Amino acid sequence: MNFPTISRPQIQSAALNQQFVRNCWYVIAWDHEIPADGLFARTVLNEPIILFRTAQGITALEDRCCHRLAPLSKGRKEGDAVRCGYHGLKFDGAGQCIEIPGQANIPATARVRKYPLVVRNKWVFVWMGDVDKVDESLLPDNYSCDSPEWRNIPGYLHYDTNQMLICDNLLDFSHLSYTHEKTLGGSPAIAQSKARIERLDGPGPRGIRVSREVPDVPSPPFYNRFKNYTTNINRWFVYDFVLPGTLLMQSGGRPVGAAPDDNSDAVILHSCQTVTPETDHSTHYFFQQSHRSDTGNAEITQKIYDMLVLAFEEDRQMITAQAAMIATDPTHKMIPIAADAALNQFRQLVRRMVEAEQPQV
Amino acid sequence: MNFPTISRPQIQSAALNQQFVRNCWYVIAWDHEIPADGLFARTVLNEPIILFRTAQGITALEDRCCHRLAPLSKGRKEGDAVRCGYHGLKFDGAGQCIEIPGQANIPATARVRKYPLVVRNKWVFVWMGDVDKVDESLLPDNYSCDSPEWRNIPGYLHYDTNQMLICDNLLDFSHLSYTHEKTLGGSPAIAQSKARIERLDGPGPRGIRVSREVPDVPSPPFYNRFKNYTTNINRWFVYDFVLPGTLLMQSGGRPVGAAPDDNSDAVILHSCQTVTPETDHSTHYFFQQSHRSDTGNAEITQKIYDMLVLAFEEDRQMITAQAAMIATDPTHKMIPIAADAALNQFRQLVRRMVEAEQPQV
Amino acid sequence: MNFPTISRPQIQSAALNQQFVRNCWYVIAWDHEIPADGLFARTVLNEPIILFRTAQGITALEDRCCHRLAPLSKGRKEGDAVRCGYHGLKFDGAGQCIEIPGQANIPATARVRKYPLVVRNKWVFVWMGDVDKVDESLLPDNYSCDSPEWRNIPGYLHYDTNQMLICDNLLDFSHLSYTHEKTLGGSPAIAQSKARIERLDGPGPRGIRVSREVPDVPSPPFYNRFKNYTTNINRWFVYDFVLPGTLLMQSGGRPVGAAPDDNSDAVILHSCQTVTPETDHSTHYFFQQSHRSDTGNAEITQKIYDMLVLAFEEDRQMITAQAAMIATDPTHKMIPIAADAALNQFRQLVRRMVEAEQPQV
């Protein structure tokens, strides 16, 4: 028997259906994810994209054959071209069809979209907006992803939620005290401390700078994995959160009483994290947390990564539950509190950018 | 690759989207389900609710933090209060926010809904309607759930269907002959017998009384688990089915020829069952079937429970298949038959109550 | 906790929501699928149908009790009748209710729809349209399904896609070179060869005839399973694709240089395949590929079947991926190529038939 299953009503939420900024760079992959001689597919902003390596570097094309709309990623790479696995149409690295089996003439319209692409510090960025507005100055400075001075293990998580709830999360670190009490947090003092919020109006990508000092707290479970502080420490978090959704953070801690420039017993970290909408309801999350190459070793690199994965799973569970709750009643109002300042400013910035990108009437 | 799955079309059925009576008591849990020192979450009438024990007894709050709408049930109980596990807001047993980390002033609007709650005979009831209309006289008399004179094992089932189809089922016992032929039924005579239908117009919850005598039939498989009748028996079923969806039933059987007041070789049972809508498309089902404490033992209590679970699974499969079939064509007409009398009266009562609860213009 | 899951938006595609031709025969089952003494349920054109054997042969009724709409297939066969497993209504082979337990009078409206049915060469056909227009001359000639001159193993696949994409697939064999390179294809020459397209305007079911010769190619992996050609071969495919979606094909190959009528070392096959919409979004696919009984043995019959299953799974994966891609943007245009001639003609024929079946105003 074949009974249709009864689906729950489709609930659309303003909070979950935020439109996307398009004229900016989105991370689509870590460089190492693209195979040397094969095809890699990932959806960004609801658009299916195929990535492969050519003599000119990594190429990003629309992953949809122009003929009958089969995914090209189910075909095969042939040199610097890709051939559809359904009826055999072949496309060059510019997206132009260069072979239709059994047909001499190839219409100029037989092509797929090509996306501007930049690889910078191991992140593969695609430009999802107007090709006339491509602007490399809008790339975030993710230097620690690929620097001899820093060490990390690259990470990736998939979310079944819209990206704005993840941006919210990254813009209010008060949750470290509760969601991450047993991992990154370790003290209610983080939530009780007041963050300084500044606007970043360029040059470079626009966004928000958040700075927070948390003096005289116990070393968190995170640090305890690789440090043995015998006293309380002073902690700090200073990060830029820039469009479309990238966190670039210096953070660390040193024993209470140590001079502000004394790094002899300090934890010094740099983290790059970025959220890329996959669809209206799902998100890619790329991240790494680096320590200085001149301190620590491979074991510490691994421990930092392991704790980060544990903590980000705490976030994912909380945000997924939050998104499901919002979906039960998308009209339910949120009560604002002081800690929302940064996320409100960022949401406002996104709204303004989205509006500015709408066609002028 | 991430392809959206193609969902079946959303089919909305009048039969499946009955509105709910709100000014009445719904069972949200068995008392024993609420942990001594933790949080318990369950959705009723599409509303997420969190239950926990305080000095004042079990408390029912909206399971949605007023700040960013995360479920409070992912937080923790702190004494008689609950703290959100996302950004740490704390709520007392009245639903008022009493702490916002890092913020001195707490707006009065920072609160979550509190639901009136009564525990009666091990059932935990919540009032889903207007708090000004709370009325304990509308509680059903589920006495056998907690009485020294009766013994039972409490049961719970989850349905992926709307509750009205389950109410229909409970209001027409002709299905015992077919759906439960090998469990509760055992004879087509149940379907062939005529039920007496009466209205219950209060005091107490309104509803329908259904009485049915089934003389001279073989003992059903159900009874045969714990009785060895050597002759046919006379069976009876007398139950009240009251708003919002609670069955309170005396049933039993005695050997043909035994006097109507001779219980020496009789089966005497009392059952309490109630359906509570979880969402528009899913339902909680709480049940127990008791025998007299002065007859039978723990083994018989267990056998009655086991047979009930088996039989209610027969119902669940039939009703789930019926709901799926209705969903394939929600406009399909039902042909009424005589056996529908009780369910039609109850559906009419529900409609009238729902209409009476609509805001007056 | 019970959080509704967030579903992806319901995307409706013109390509996926093609209406169905109704006044024609659809294969609902292989004859052997219907049990000797039981009930068999299958949905066709969104209509749930129950099949069972009576003294008059296989009977097809609406699988939905007229009373409370439970599926009859959850009941039981009683002689030449079927009894609903919910409240016990009984229906004869004409779909008329002949018993309502506990009720003397049976309204004439208490009946379920009966579908005209023909069993022809092991395929069970139902007529889904106007009973006044039943026309056995519209049955396809699926002779090799049941002929002493041919041997095959019957096959069935279920698709989670609309049937038109499967018809498209069967109407353009250029995909053999790519989708089936390692199974049925073996050479790009199939895609490069030009097919002859003819209309079939009756008598018999209307459709398209596709003829293709592919000279001087290596024997494909398919043939290599049971033949050892030492030279290239000439291959041919000649098939009728008739309404509503049935392929009837002669195909084969013989060594280059052999006379066109020399079958001494030839592969000679006949195939019958048919697609039957289950719902708007899912499809039944019945198939067999026969070899001549006077060549080959049971091992070869099995090898042909195994390769067919392997190849049809290649199709299913490609078409399912294509359907999912179309669903991401149902407005995306397809770029036509020469190889689309047959499928375009067939789609046009379907459109005309669907339009002709619309009620006249």
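We just call them A, B and C in the order they show up, numbering each chain from 1.
Keep in mind that, in the parts below, a residue touches a chain if its C-beta (ideal position, glycine included) is under 8 Å from a C-beta of that chain, and two chains touch if they have at least 3 such contacts.
Please read all numbers here as calculations on a predicted model, not as lab measurements.
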Overlay chain A and chain B by their C-alpha atoms and let me know the rotation angle in degrees, rounded to the nearest 5.
-> 120
Copies chain B and chain C touch via same or different residues, half shared test = different
Whole-Å separation of chain centres (CA-atom averages), chain B against chain C = 46
Numbers and ranges of chain B residues touching at least 2 other chains | 1, 3-4, 7-8, 10, 43, 48, 63, 71, 279, 321, 325, 328
Complex contacts: residues of chain B adjacent to chain C = 1, 3-10, 41-43, 48, 63, 71, 73, 168, 172, 174-175, 177-179, 188, 191-194, 278-279, 282, 317-318, 321-322, 325-326, 328-329, 332, 334-335, 337-339
Any idea which chain B residues touch chain A in the complex?
-> 1-4, 7-8, 10-12, 16, 43, 46, 48, 63-64, 66-71, 74-75, 83-89, 100-103, 107, 109-110, 160-161, 279-281, 321, 323-325, 327-328
